[in-house]
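Single-structure report; data block below.
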Amino acid sequence: MIGKKTMIQLAAVALLASTGWASAKTVCYVTAADSHAYATPANKALEARAKELGVEILSLSQDFDVQKGTEQLNTCVARKVDGIILWPLDPQAYIPGLARAQQANIPAILINSPMSDDAKPYIKSFTGPDVYEEGKLAADSLSKALGGKGSVVIIAGQAGNGTTIGRVTGFTDRLKETNADIKVLDTVNADFDQQKALVVSRDLITRFGDQISGVYANDDTMARGFIDAWKEANPSKAAPPIVGINGQKDAFESIRTNEMYSTIVQSPVEDGRLAINTMAEIIDGKEVKDRLPIPLTVVTKDNVNSVEPAF
Amino acid sequence: MRFLSLASQYRVVIILGLTLIISALVVPGYFSASTLGLGLDRAATIGLIAIGLTVLLIAGQIDLSGGAVFAVAGIVSVMLQREIGILPAAIVGVLVGTVAGAINGALVVGLKVNSLVLTLATMLIFRSLAHWITNSQPVTGTDIMLSLALAKIYLEIFTIRSALFIVFIVLLHFWLTRTIPGRNVFAVGSNPAAAKESGIASDRIVFLGFVFAGTLAGLAGVLQSLVTNTGSPVFGSELTVAVIAAVVVGGTRLEGGRGSALGTLGGVLTIGSLTIAMEFQSVPAYVQQVVSGLILILLVVLDRAVTTKGRAPGTRPALISDNPVTQGEST
Amino acid sequence: MSDAAMEISGVKRNDRFTRGSRLVDALSKAGLAFAILAVALYGSVVSPAFFTSGNLLNVLTSMSIVGIVVVGMTFVLVVGGLADLSVPATIACGAILSLGLQPMIGPLPAFVLAVGLAGLIGLLNGVLVGYVGINPIIATLGIGTIGLGIVQAAVGGVIVYGSNPASAEFAKGRLFGIPVVVLIFLVIALIGHFVLSRSFWGRWTLATGGNYSAAEASAVPVQAVKAGAFVITALTAGISGGLLGLTLQSARPLIGAGYEFSAITAVVVGGVSIIGGFGSVPRAIAGLIFVQLLTNVMVLDGVRTPIQGFVLGILIVGAVGMDAALRKRGVA
């Protein structure tokens, strides 16, 4: 029964610790996931900054499950925390939970992804990149590469996922807005997975062949899948311009070697830090803007050597 | 050995008790009514689906499509709100679950196919349907105030959802232990052939079991959609595994013929309180996974270690005994 | 169903039964062949690109990774082990370790070690299922959850990239014009087929799945045979994961998500009974070919993703339904 003893010791430590921190403010952070290329560095940055600010973080991971997240908001309210930072994975489902937080006088902000306008009354601010904005930037970048004319395929993330919806609709809306003469041949879901993107790209290349004059992938991982599929099919021919999002290290490499046209860098570290800084200001009673973006940098061959990759 | 068998008999109670004690030691204020109420509400969604699955598992069947039915029922109940009003839409949503269950049941009984494979297929079908009718976008309901009312805590501990769960599981307990149809479910699960010979309509019981499970998954989905004011095609994608784990932790066997409603209650509460306790301590999700996996394995091993007598390990379980040919029953 | 299995299980069966069973076997084999033919025909009608060697080679390459897992999963189903749900964990183990260990010990040892560790996960499954007698669904679910949790804890949010271009070139390359991944898949499929249909281990596997107690009575080491099926699946999933890592040159903890269901679907559509005691590797691969061709045709035809899932679901119901119906007639 070693387990019991350690447990009791653990408990004692926890009790001591909790009394020691009793005066500190606690912020509930409902994050997208614990183990993820973008979310992990964002979480770490947020927690590190919180430590500097003397704020205690109660970190809850949704593990990409919206339903779990909606229930975790209740946990936050029950813990009577001083603030909530929510990473929404759905534009609407959290609204009742946020409303409950408001009833309990707990201020809430959104990190990383936006929610629908209906959520506005219940949140103090939305910090971080805007996936919809990223879609628009990608559209601009791709239409620049194509000279405003062509036909493209979209390799989208998981169906029904907030990031996917934002990045796809941002892209298509922007094409309409600018009256670009760019046709979307097809939009396929590859779940942010490189292998799935590879398989589906093979089929797209077989189906459309030379009709494809440009590619938009919802993230760099899937862009890589298309590049590999293109190389298999046309070893000697250069691929059409490919635009990705995230700014991964390997995407930078691909841009240098002309395999990819552009990617969009958003820094997870800045994302995390901005959120906790904003929350700290709110707790101190300061007014904050309802929209605090982090810089989004479109990286092409022109600036690939002067920008840091995101991860 | 006697100690072991005692430990095994009450293992659900023991593990639940241990969870609560350790949680209370580690988490300050764990035993406050609001915390317990929260744990109960968190457990209710899993619990409602687990009620249906308990009956099915006892009858020797399984249903993997619960999470997908959960999503479809919720979507329907939200989509129809504008046309026919909230309450009728909710009822239709639950009925969608019933219909989905009836489809599962009819196919399993009618085609005489294994329920594991069949509900794997219908899981795919219902999930695709959810994406299809919503165009992969979440849909919003009309009344957010209702969502707030539904999540309200009554008597300091119950939400409507968790109260429903408790009532249903108590009803299930009495039905399974005190009524003849209830006991017949066990007979069907432990020996389908013998059950048939003694005049029990096994096919009907299996069919109704699926209808029951579908209805409860539908109910859970509708409640979830009302509480979040949203129907989403991705809801419930992680549910099925959690539900199976909860029911099995509660001592119900996948082989059929054994299980209890109160065991499931214990299993669901254990998972619920464990989740809350670990979340209160900011335990990373992957550690939570490891812990719940270990508890699952530990409990079933304990169960095996004590009750192997008279049953060779690996004996063909009832879950997979619905095909007479490969069964080797050529007589 | 092989006669050897009947003999060794010591069960006397009448001729009529065996005859019926053979007829059914032939019928269901023919059914699958027809189905594949029908999809191919439809494919060439809707898309001129379908019947090109390029496209068919693509389909073959795309199915190789999951195909390797299918070979292992066949053993699990035939031995009466229902399903191995820990495949995502073993694939992740294979992919992450075979890339992550490259800088330390070199590409080949990394690959071997990765596959070996995946096999160890399989051994855990096997012991729990074969010796302790735990239901395979629960055992593999639990072990899979734990395994994946550990992998995530170990890797964190880091994407593991490959650091050995030569091994990547090899995995992505071609031999005699055929992609290396496809060749490896074919070799594993051949070995799997040989073991299941020609070797004593295969006979034992069929016997254990067909009638557990009879096989036990005729001195088949049933527990080891049952455990072995899970080790085999874990090894194939480890190889599959390692190849996945090498071809993609990157790996994440959730890289293997969904492969368990794809593999089970293929095996079941191929007419391998989930009740055990019956089935072969070629049948399972025929099922895989059918599913992959169908998906390929749907993508070429521009069918939306949700509808693809819908069609696939209906198809599984049809396949198992038809199989059950045919078999019932066979005995009657």
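To keep things simple, chains are lettered A, B and C as they appear, and every chain counts its residues starting from 1.
Simple rule for what comes next: a residue touches a chain if its C-beta (ideal position, glycine included) is under 8 Å from a C-beta of that chain, and two chains touch if they have at least 3 such contacts.
Because the structure is predicted, anything quoted here is derived from the model rather than measured.
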Neighbouring chains shared between chain A and chain B, ordered by label: C
Farthest chain (mean CA position) relative to chain B: A
Chain pair, most C-beta pairs within the contact cut-off: B-C
Mean-CA-position distance for chain B and chain A (Å): 33
Gap in Å, rounded to a whole number, between the CA centres of chain C and chain B: 29
Inter-centroid spacing, chain C versus chain A (mean Cα positions, whole Å): 34
Multi-chain contact sites of chain C, meaning residues that touch two or more partners: 152-153, 305-306
Per-residue multi-chain contacts in chain B, two or more chains: 131, 136, 284-286
Multi-chain contact residues (two or more partners), chain A: 34-35, 159
Complex interface listing, chain A residues touching chain C: 34-41, 43, 159, 186, 188-189, 193-195, 198-200, 202-204, 206-207, 209, 221, 224-225, 228, 232-233, 248-250, 311
Sites on chain C touched by chain A in the complex: 47, 49, 52, 54-55, 58, 61-62, 65, 152-153, 155-159, 161, 172, 244, 247-250, 252-253, 255, 257, 296, 299-300, 302, 305-306
Chain A - residues contacting chain B, complex: 7-8, 10-11, 14-15, 18, 33-35, 57-61, 63, 65-68, 70-72, 74-75, 78-79, 90-97, 99-100, 103, 116, 118, 158-161, 165
Chain A-touching residues of chain B, taken from the complex the two chains share: 22, 25-28, 34-35, 38, 41-42, 45, 131, 134, 136-138, 140, 144, 147-148, 151, 224, 227-230, 232-239, 276, 279-282, 284-286
Parts of chain B lying in touch with chain C, wherever the complex brings them together: 62, 107, 111-114, 116-118, 120-125, 127-129, 131-132, 136, 241, 244-245, 248, 253-255, 284-290, 292-294, 296-297, 300-301, 304-305, 308, 311-317, 319-328, 330
